[in-house]
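Order of writing sets the labels: A, B and C. Residues in every chain begin at 1.
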Amino acid sequence: MIELTRRQKLSGLGAGITGLGGYWAISGTGGKEDVFTVGSPWTPDSRDPVVNGWLWRRISVLEPLLTVDYDATVAPGLATDWRMVDDETWEFDLREGVTFHDGTELTAKTVLPSLRRAFDSSSLASVPVKSIETADNRTLTMKTDEPFSPLPAHCTRGSTCLVSPTAIADDRSVSEPIGTGPFQFESWNQGSSITASANSDYHGENASIETLVYEGITDDQTRRLKLENDELDMARILPNETVDSLELRDDITAHTYQIPRARYLVFDLDSSPFADRRVRRAVMHAVDRETIVENLLNGLGSPAVGPFPSDVTDWAADNLEPYEHDPGRARDLLAEAGWEPNGTGRTRDGDPLSVSIWTYDTRPLLPTIAQVIQTQLGEVGFEVDIEVMESSTIKERATNGSFDAVLWSNSVLWYPDPDRLSDFVHSETATMFSGYENETVDRLLEEARRTTDRDERFGRYAEVQHILQRDLPIGWLTYYTNVVATRAGVEAYRPHPIESCYHLENVTDQQ
Amino acid sequence: MSGPAADTGVRQESDQRDEWTEVIPADRLAQVGLGIILILLVLAVFGPIVSPYDPATQDLSSRLEAPSLTHPLGTDQLGRDVLTRLLHGARLSLGIALAVTSVRLVVGTAVGLVAGYAGGWIDEALMRLVDTLLAFPGIVLALVIAGILGPSLVNVMLALSVVGWASYARLVRSSVLSVREREFVTVARLLGHTRTHVTARHLIPNVVAPVVVLATLDIGGVILGTAGLSFLGLGAQPPTPEWGTMLASGRTYLRQAWWLVNAPGVCIMFTVFGFNLLGDSLRDTLSPTQSAQMEQL
Amino acid sequence: MNGWHLSKRLLTMGVVLFAVSLLTYGLIFVTPGDPARTILTQQMGGQSPSQAAVEQFRVANGLDDPFPVQYARWMGDVLRGDLGQSYYSDQAVSAMIAQRLPNTIALAVASMLVAIVIAIPAGIASAVEPGSRTDYAAQLGALVGISMPNFWLGYLLIIVCSLWLDLFPVAGAEGPEYLVLPALTLGSGMAAVIARLVRTAMLDVLDDAYIRTARSKGLRERIVVYKHALRNALVPVVTIVGLQLSYVLNGAVVVEVVFQRPGLGTLLVDAIFARDYPVVQGVTLLIGVVFVVTNFVVDLTYSRLDPRIELEGEPT
């Protein structure tokens, strides 16, 4: 009886293994020589450039009018040249010999529907474009409501990526990303992956990769495991801790590079306790940024002073006074603000000094950093709760209601112009929900926007940075070092400072 | 479904078994289960007191240290002692499981008693409510509720309580219905005892056994449910040492620090295993009818 | 079963389905937060809309109507197959579901197969010799199977089968080989439940009179076990397997997240975190309806197969 039972078991098991083995033999995990797979945390949610253009631009399917160079400055793209004709008028010369993936030739006329659609959209609502017209077959004229020197920088943004007029339906919706890039759209699984193939009619040098697969993998550990298991050729935005162990392997190369991105605390200036500048300053003195960088970030990154890392961009103001780690000073500031020690914490008029820090986990390490901040603030008398939520939920809740502080990370040069500061602190156009209102800052930002002279602009942005350092609507914590790893055999990959494009068309894969 | 016959089957077969096969009596399994639970309770109560570490105190200079004599289960990404955190986590996990199960049990039993005893449209309405709740896979509905309420341990407990009482109600109701028709109840009524009296005297004792068994089996489910929701990011917020959350945040270090994922994993498994073992053995002591009612859930 | 019973049963199911839809819609309705503001904030690229704009949007989209009106409108759309539009992506909810449903069905079927392949031999081994070491090993194994958090098991399988043994891919859903580890993860827990049912059913049948007759006639044990007992025991087991749908759907949520499979589970989790309520409603409603209907069908089959079971399923 026992024997029979065993045989029954074995045959069942055998059938199972044979079945699985069969699957495996047919499809196989390897053998995709001409497919290059890149894994990134961001899932493809839309084929509309206005919504998700930044993603399609990163994988070189869509291209904007202008591009961003490796030194984080504006460079030619589909427009080879651009100039300011008068205060409110710009001209762009379009590149010759460019066709969209559907064969439509790129002319002033064929880019118009796409560009107008982009600048009409809410994504670019803060860019004061009044009209876009064709001057001749190869020249575009853009007029703005007011002098607006950051316009070329905005023309590099993903939302402005150009799609063929045939991709735009009568109701102005776009359901296929028919662009001009070195890769053309083949198929996608909404929310998970994109397949693109090399465009043999590309106006530049053709890509060596034949098929490009983009996978949106939100979990950083999964990206790493998939890279180790050769399911990805490139894994982007890996946790800093992985670098040491990845560097020990000969089949993987880790690239680390500083980017103009910061981790920071956005304070709610409209509610207690952070309405009081002294309390915000106390936070900055209480947090030990050196320790965070050395221990948590494995030395990758650096303590932030202002918004711009001076190693990466020359828009950083000189002589910004950093907030030194000084818990004693933090305690003094809190006492000055009326928060007196009471037991392990502090109170003012009976209210405890308790704050909630909201953060999200799509970027590695933010919740871990939040816990260190929680402990360090605890040492000077704050009682801190951490809430980890989806970033979009935080945005919505912080925009529409009161909060205490948000631990966030964002590019400070998402488009390569310091007018980006307006998104952080301009009282009317800020998307960073701190409720900061400072007329001088608003005025300086607006003036700098109208000015074309670089030095004059720099002076104003430097002044804004100094005021922000004093007012602290946002507490800059650390700058960001990106970790990208590739399989051995992937050559000629060059990390881009603002990650506007992975430039995989330049990459070769020897395996 | 076939509890009664199964029982006879076991007995009959046992009589015929070969001499050499060792038999572990069912109650020994119950003892093992009970033993695991008792050990956990002792660890949960005394462990945190004995441990020289604090579960939240960070030591950034000794992050991700492998298990050693000073840290028997290593340290985590913030240099905290993993064993200490697990011991505090045991308090939390057992506490949550007991609290949620109690709420489920009390609400479910009350509803089941009312439905079974009142009958008529009240019964109909309550049972359709039960059907509706049971129309969703438990975790899916709990996920939606906890997700809507926002991430926190309390919301997870609330969500798990809301979705879980329905099985108790159904079980209690069918126990009531079957007991109510039995001879001794009829006899008691004929003897002139009031309805309340009859309920108190005869129904409740007959309902208690299956409910206790269900609750024992349910505790394991609640622990897994809490861990699952925490894993998805809806549960405990850092630095709370809840097991599911610890496992979830440890997976970032899957390749560098195996103990961060596996230590809480083993803890969850053993706890659930203990309760399941006990519950299973208790189930075997139920009467055939009661056991059949359990299977129908 | 007679026509009256069937129609009563159908009516009850109708009531439950109605309640399910009410619950699905109502849950979102009582949610803290203002849907008009949420949608508008999203449409404006994350910028805070003015109060006037929010009011205007609310009126324009009927979000100021009382609950019954909104519910009726939603239900009307749902009955026409329109589950609404996602807040965050440019797709219809029904299209998003249609895109991901096949992956979840594949996972469900594969894990069910894994469960059966493990459970039936284990259950038989247990039943032919109750009280033996094999029996206890199988029963304890089954208990361990139910007691393991499946997300942990998933990671263990990834480490062992993908990284050490290099047998299967880590995560994704591109081909059948991507299905193996998720199906093992989900199937092993289910196997535990099914193995126990097989054991009970086998013991039940082995004890039946005609099996005893067969034995006494001198039929060889193996013929008794496989030809007669197993066949009869499988009837209730097959039915119960249908009821494991609940387990599959519960588990699919977590397993799909672990293995990053685009399915209903990941769709629901992502939508919950993003507060994409039309998607949450659509997926929840679908799961509820599928579940109610499956249970109904299983109940019917069950009572057909075994006339001893009353349609009501409750002793009275």
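Quick notes on this one:
The definition used in the following text is that a residue touches a chain if its C-beta (ideal position, glycine included) is under 8 Å from a C-beta of that chain, and two chains touch if they have at least 3 such contacts.
In this text the structure is predicted, and so the values were computed from the model without any measurement.
Both subunit B and subunit C are touched by A.
Once CA atoms are averaged chain by chain and compared with the all-protein CA average, the nearest chain turns out to be C. Centroid distances from subunit B, each centroid being the mean of CA atoms, peak for A. Subunit B and subunit C have Cα centroids separated by 20 Å.
Mean C-alpha positions place subunit A and subunit B at a centre distance of 43 Å.
Subunit C has its Cα centroid 37 Å from the Cα centroid of subunit A. For subunit B, residues touching at least two other chains, in rising order: 150, 233, 251, 254. In subunit C, the residues touching two or more other chains are 129, 257, 273.
Contacts with at least two other chains are made by residues 219, 225, 228, 389 of subunit A. By the touch criterion stated above, subunit A contacts subunit C in their complex at residues 1-2, 4-5, 8-9, 12-13, 15-16, 20, 23-24, 26-29, 43, 45-48, 51, 121-123, 125, 173, 175, 189-193, 215, 217-219, 222, 225-226, 228-229, 231, 389-390, 392-393, 395-397, 399-400, 431, 433.
On subunit B, the positions that touch subunit A within their shared complex are 56-58, 60-61, 63-64, 77-78, 150-152, 233, 237-239, 249, 251-256.
Across the interface of their complex, subunit B is touched by residues 12, 15-16, 19-20, 23, 27-28, 31-32, 127, 129-133, 136, 143-144, 146-152, 155-156, 159, 197, 199-201, 203-204, 206-207, 236, 240, 245-247, 249-250, 253-254, 257, 268-269, 272-273, 280, 284, 287-288, 291-292, 295, 313-316 of subunit C. Contact residues of subunit A toward subunit B in the complex are 219-221, 224-225, 228, 239, 241-242, 245, 291, 295-296, 361, 364, 367-368, 370-372, 374-375, 385-389.
By the touch criterion stated above, subunit B contacts subunit C in their complex at residues 1-3, 5-6, 8-10, 12-14, 17-18, 21-24, 128-129, 131-132, 135-141, 143-145, 147-148, 150, 174, 177-178, 181, 220, 224, 227-228, 231-233, 244, 247-248, 251, 254, 261-262, 265, 268-270, 272-273, 276-277, 280, 289, 293, 296.
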